[in-house]
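You will see two complexes here that share chain A, one where it goes with chain B and one where it goes with chain C.
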Partner chain A sequence: MIIDANVQPHFRYNAEIRKFLGPAHKLRSIPDVEQQWYQAPGGDYRQDLYGNGYPGSDPDTVASHLFTDGGASHAILNPLTRGNIADYLLNSRICAAVNDWLLTRWLEPDDSGRFLGTIRVNPEDVKGAVAEIERLAGHPKMVQVGVPLQSREPYGKPMFEPIWETAAAHNLPVAVHINGGNGVDHAPTFAGHAYTYPGYAAFMPLNSFVHLATLIIEGTFGRIPGLRFVFADGGYDILTPLIWRLDTFWMSMRDQTPWVDRYPSEYLRDHVRFCSSAFDGPTDAALAERWLDFSDKADLLMYGSGYPHWSTSAPDDVTAGLNAEQREKVLWRNASDLYSVTEGSLT
Partner chain B sequence: MMQRRPVCAIEDLPPGSMKLVQAGKFGVGVYNIEGAVYAIANYCSHEGAPLCAGYVVGTNEYAPEMPDQLRRVREGRIARCPWHNWEFDITTGVNLADPQKRVRTYEVDVSDGQVYLTA
Partner chain C sequence: MTTVEERADDFVAQDIAVTIVDTDVHPLPVSGEVLKSYAPAEWKDKLWPTGNAVSPVPHFYDTPDSYKTMSLRVDAAPPRGGVAGSDPEFAAKQLLVDAGVSIAMLEPMCDAQLPHAEHVLKATHNDWLADVWLGENNWHGRWRGAISVTAQDPHAAAREIERWAGHPYMAEVLMTPQTRGIPFGSPHFDPLYEAAARNNLPVATHLMGQTPFELIPIYPVGNPAHWHDFFASWPLLYVSHLMSLVFDGAFDRHPDLRIVFVEGGFTWAMPVMWRMDRIWQQRRGDLPHVRRKPSDYVREHVRFTTQPLEDVNVAMYREYLEMMDLGDCLMFSTDYPHWSYDSPEWAVRRFPADQRERIMRGNATALYGLPSTVKALPGEQPPAA
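Moving on to the complex of A and B:
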C-alpha cells in the first residue's frame, strides 16, 4: 500500500479561479500561481505534463499517473493559492475559491474515494481562517488544513493560535507548504535572497524549523495536545541536528519557558510529521537507514510525490536504502495513522 | 572511603551561605537553606564544571494565570551551573529539566552546633 501525502492539483489555467470568486472580487487583480522569482529553470512543473491545460489539472490524468502508474491507493491533494496578498480579506476569498474548486472539480466527482483534500486558509486573516475551517471541516474528504510556509511571523506566535485550536478541535492536521503566487513576503532565507533557484530550493525548508521551534518553545503544542503539523516540503534530513540544538538550549534555559515540560525533541512524535522531497536524505543511500533512525524519524516521515512538480519523486527513490519496517512506515503507515485512511476506508 | 568529618560551626554557615569542603575528587558544597543543611558534589553532571561556584537562586514554574505566565518558586534552593546554566535542586540533586541528570548528594548533620559532612 502507498499513500501519497503531497500532491498539488492545479487549475486548468490561472484565470479559472475567477469562476469560483464572488462578484465583489471577480475583477480584482490576482497573481498567477507561478512565483515571480525562483522558478525552476524550464518551469516548476514536469515538462511532459503540459498539454491540454496546466500540469496536474485533469483529475483523470492525475489519477492515472498516481494510482495506475504510481501504485498509490490515496493522494492527499494540497493545492497552492496565490501568495500572501496584502489585502488579506481578498486572500481569504482566494483560499475559499480554491477550496470550492477542489470540492467541485476533484473531491465530489471522485467516486473512488482516492482523492482527499486540504482546506486552504490564510493565517494573516485569523477570523477568516477559523471561519473557513468551520465551513468545511465537516466534509469527509477534507482531511487537513493548509497554510503557506511563507509567513511574516513564525506560526508559534499567539495571534495564530485560534486557527490551530480550530484545526485540532476538528482533528485536522495543519500542512505547511511553500505557496505559489506572489505575496508580500520576507526574503526566502533568514540571511536574505538566494542567488539562483538551487540556493532557494535547497534551503527554503529551513523556514519550517523556525515555525517548528516556536510551536514548541512558545508552548503551542503543550497547550493544544491534539495539534499536529505536517511540513510538506521535506527537510526531515536536517531535523536531527536542529532539534539536537534546541534540546541543548532547553537544558540551559528551561526556566525561561517552564511550560516546555519535556525535551523539545519529545514533542515530535505527538505533533510533527514531514513529507518526503526529492532533495532530502543522504546523498549516499547506504547512510539512509541509519540517518532515519536518529530522532526516530521513521515515525515522522510520509511519502509525498510532490506531483506534478519537476522534482516529483517515486516511492522507490524516496525509500532507497531503508529497511522493510522504515519503508512501510514511510510509504503508508504514518499517513494512514495521521489521516485515518485505510485501504478502501473512504470508498 | 566515606567518613564523617567536621565542616564548621553552624554560626559560620548562616542560612543562604555555602562552604566548599575539600572532600572527594572535586570538593563538596555544604549549603544552609533556611536553617537546614544539604551537600552536593562540586561537579556538574553535564561536563564536570565546578557547580558550587554558580549562583544559588530560585526557578520559574508555569503559571498560566500570571501576566508573564511565570511563578518564582524554590528561592535559594537551586544551584545553577556556572558553565551552561543547568539547574539543580540542592536539596535533592535532581536536575530541573531532566530528572535523570542528577548530581551527587551527601549526608550532612548538625550536632552540638557543629556541621558534619559524610563524604
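Moving on to the complex of A and C:
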C-alpha cells in the first residue's frame, strides 16, 4: 500500500480560477501559479506534462500517473494558491475559489474515493481562515488545512492561533507547503535573495524549521494537544541538527518560556510530520536506514511525490536503503494514521 | 613565587607541545576610553555615540540574566577589575593554564552603522588588539588575532588586510555574517576575498546575537520571539551563506579562499552537503559555473568551529560525527569568556576517537600555520603524554 501525501492539482489554465470567483473579484489582478521570482528555468513542472492543458490539471491523467503507474492507493491533493498577495481579503477569496474548484472538479466527481483534499486558507486573514475551515471542515473528503510556507511571521506567533485551534477542533492536520503565485514576502534565505534557482530551491524548504521551532517554544503545541503540522516540502534532513540545538538551548533558557515543560524534540512525535522530497536524505543509500532513525524520523516521514513538480519522486527513490519497517511507515502507515485512511476506505 | 600575572625574574619558559587550539575567544577592551585611544583623532567622538542610553550593549534575544551577565561567564571577571575577557594575564591563566589551551584565536566583535565608520572601528580594534594582546602580553606566543574588517566596504577591508598581512600573530580575517542582505557568494565581497586569499589568511565569520535588531537578519518566515528558537534556527544563516558561496561560484573565483564558520554549529553540514549535491546533480544546467560537486568545495574550502556543541547523548553524537566524516573540517573552540563556553575536557570526549586529534589541534594548526610547540606559562604543567 502507498499513500501519496503531497500532490499539487492545477487549474487547466490560470484564468480558470475566475470562474470560481464572485463578481466583486472576477476582474481583479491575480498572479499565475508560476508567476513567481524563483521559477525553475524551463518551468516548475515536469517537462513531459506541459502542452495538453496544464501539468497536473486533468484528473484522469493524474489518476493514471499516480494510481496506475505509481501504485498509490490514495493521494492527498494540496493545490497552490497565488501567494501572499497584498490584498489579504482578495487572497481569502482566491483560497475559497481554489477550494470550490477542488471540490467541483476533483473530489466530488471522483467515485473511487482515492483523491482527498486540502482546505486552503489565508493566514494573513485570521477570521477569514477560521470561517473557511468552518465552511468546509464537514466535507468528508477534506482531510487537512493548507497554508503557505511563505509568511512574514512564523506560525508559532499568537495571532495565528485561532486558525490552528479551529483546524485541531475539526481533527484536521495543517499542511505547510511552498506556495505559487507572487506575494509580499521576505527574501527566501537568511542571507537575502538567492542568485540562482538551485540556491533558492535547495534552501527554501529549510525555513519550515523556523515555523516548527516557534510552534514549540511559543507553546502552541502544548496548548492544543490535537494540533498536527505537516511540512510538505521536505527539509526533514535539517531536523536532527537543529532540534538538537533547540533542545540544548531550551535547557539554558527555559525560564523565559516556562510553558515548554519538556525537551522540544519530545513534541515531534505527537505534532509534526514531514513529506518526503527529492532533496532530502543521504546521497549514499547505505546511510539511509541509520539516518532516518536519528530523531526517530521514520515516525515523522510520509511519502509525498510532489507531482507534478519537476522534482517528482517515486516511492522507490524515497525509500532506497530503508528497512522494511521504515519503508512501511514512510510509504503508508504514517499517512494512514494521520489522515485515518485505510485500505478498506478504498471502496 | 612565579604566577601568570607576575613572572619571577629567573623564570625560564619551557617549550611544550601544542595539543589544543581554541579557534574562538573574545577579548574585550577594558574600557571605551582605552579603545578610543587607538582611534584616529577625528573619529574619537564619532564612533561611540552614546546619546542618553545607559546600558552598554543592547541585549535583544537575551541570554540568561543578560542585564547582569552581558552573556559572559560570571567566573571570568578578572580579579583586578574590568569585564570578562579584558585582562590578557587573567585570560591566560584561566584559559591557557587552567583549561589547557595551547593557542587561542582572538576575535573581537564590533559593528557600526556607516560603512566608513565601521571600517575605522574595525581598524581601531586591530590596533588595540595588536598592542594589548599580541604585543608584550604575547611573550609566550599563545595568542593569535583576527584582522577585523568591514563587510560593507570590501575595498577598505582589502586595504586593512594588507595593512596587517605579515604580522606574526594576525592569523585570519574576521567579517560579520550579518551582511544586511548580501549573501557571501556575491561578487560584492571579491576584493576582500582576493586580499585574504593572496595573503594566505582564512576568512572567519562570527554571528552575534547581542546586536541591535537592525543587524539581525530578517528570517524568511519572520523572526522568533525568544533566544532559543531564534538561536536554534540561526545556523540557517550559515547554510544560506554556504549555499551562496558554492552555487554563486565564489570558490571558483577564489581557489585559495578558506571560510571558517564560527559558533554556528556544524552537524548541519552533512545534510546540507547532501542537499547541495542532490540539487546540483539534477540542475547542472542552471549552474554551469559550478564545476565540482558542492560537497567537494565544502571539504576543501570550509572549516567549522565546534562550540556550542549540542548537548545530546554522547554515544549517539559520536556515531553521528562518524557518519558525517567531516573530521578534517572541524576545529575545536571554547567561546571563552562567553556564557555558553565549552571546556576542552567536556568537548573532546564527544568527538569520535579517531577525529579528536584533528579537531582539537591538527586542523587548526594546518589552516593557520601554527607551531608544534609553544612556551609554557608560569605554573603550567606540560600535558601528560
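Points worth noting:
To be clear about the criterion, the second predicted complex is superposed on the first by the 343 of 347 C-alpha atoms of A that agree within 3 Å, B and C clash if a C-alpha of one lies under 4 Å from a C-alpha of the other, contacts with A are read in each partner's own complex, and residues count from 1 in each chain.
Just so we're on the same page, contacts are C-beta pairs under 8 Å (C-beta built on N, C-alpha and C of every residue); 3 or more make two chains touch, one makes a residue touch a chain.
All values derive from a computational prediction rather than experimental measurement.
Taken together in the superposed arrangement on chain A, chain B and chain C fit without clashing. By the touch criterion stated above, A:198 is placed in contact with chain C alone, chain B being left untouched. Looking at the shared chain after the overlay, A:61 reaches neither chain B nor chain C. Of the two partner chains placed by the overlay, neither chain B nor chain C lies in contact with A:342.
Judged by the touch definition given at the top, the superposed model places A:283 against chain C, while chain B stays out of reach. In the superposed model, A:39 lies in contact with neither chain B nor chain C. Legend: residue contacts after superposition of the two complexes on their common chain; A:157 is shown touching chain C, with no touch to chain B. Touch criterion met: A:258 reaches chain B, while chain C stays clear of it.
Among chain B and chain C, the chain that touches a larger number of residues in chain A is C. Remark: least CA distance from chain B to chain C after fitting both complexes onto chain A is 5 Å.
Once the two complexes are overlaid on chain A, the chain A residues touched by chain B in the first and by chain C in the second are 250-256. Of all the residues in chain C, the ones that touch chain A in their complex are 63-64, 177, 179, 181-186, 217-229, 231-237, 239-241, 243-244, 247-248, 265, 267-268, 271-272, 274-280, 282-283, 285-287, 308, 310-312, 316, 319-320, 323, 340.
Here chain B touches chain A in the complex through residues 46, 59-62, 64, 69-70, 84-87, 96-98, going by the rule given at the top. Those residues of chain A that touch chain C in the complex are listed here as 40-41, 149-157, 185-199, 201-204, 206-207, 209-211, 213-214, 216-218, 237-238, 240-257, 278-283, 287, 290-291, 294, 311.
Put simply, chain A touches chain B in their complex at residues 250-256, 258-259, 261, 263.
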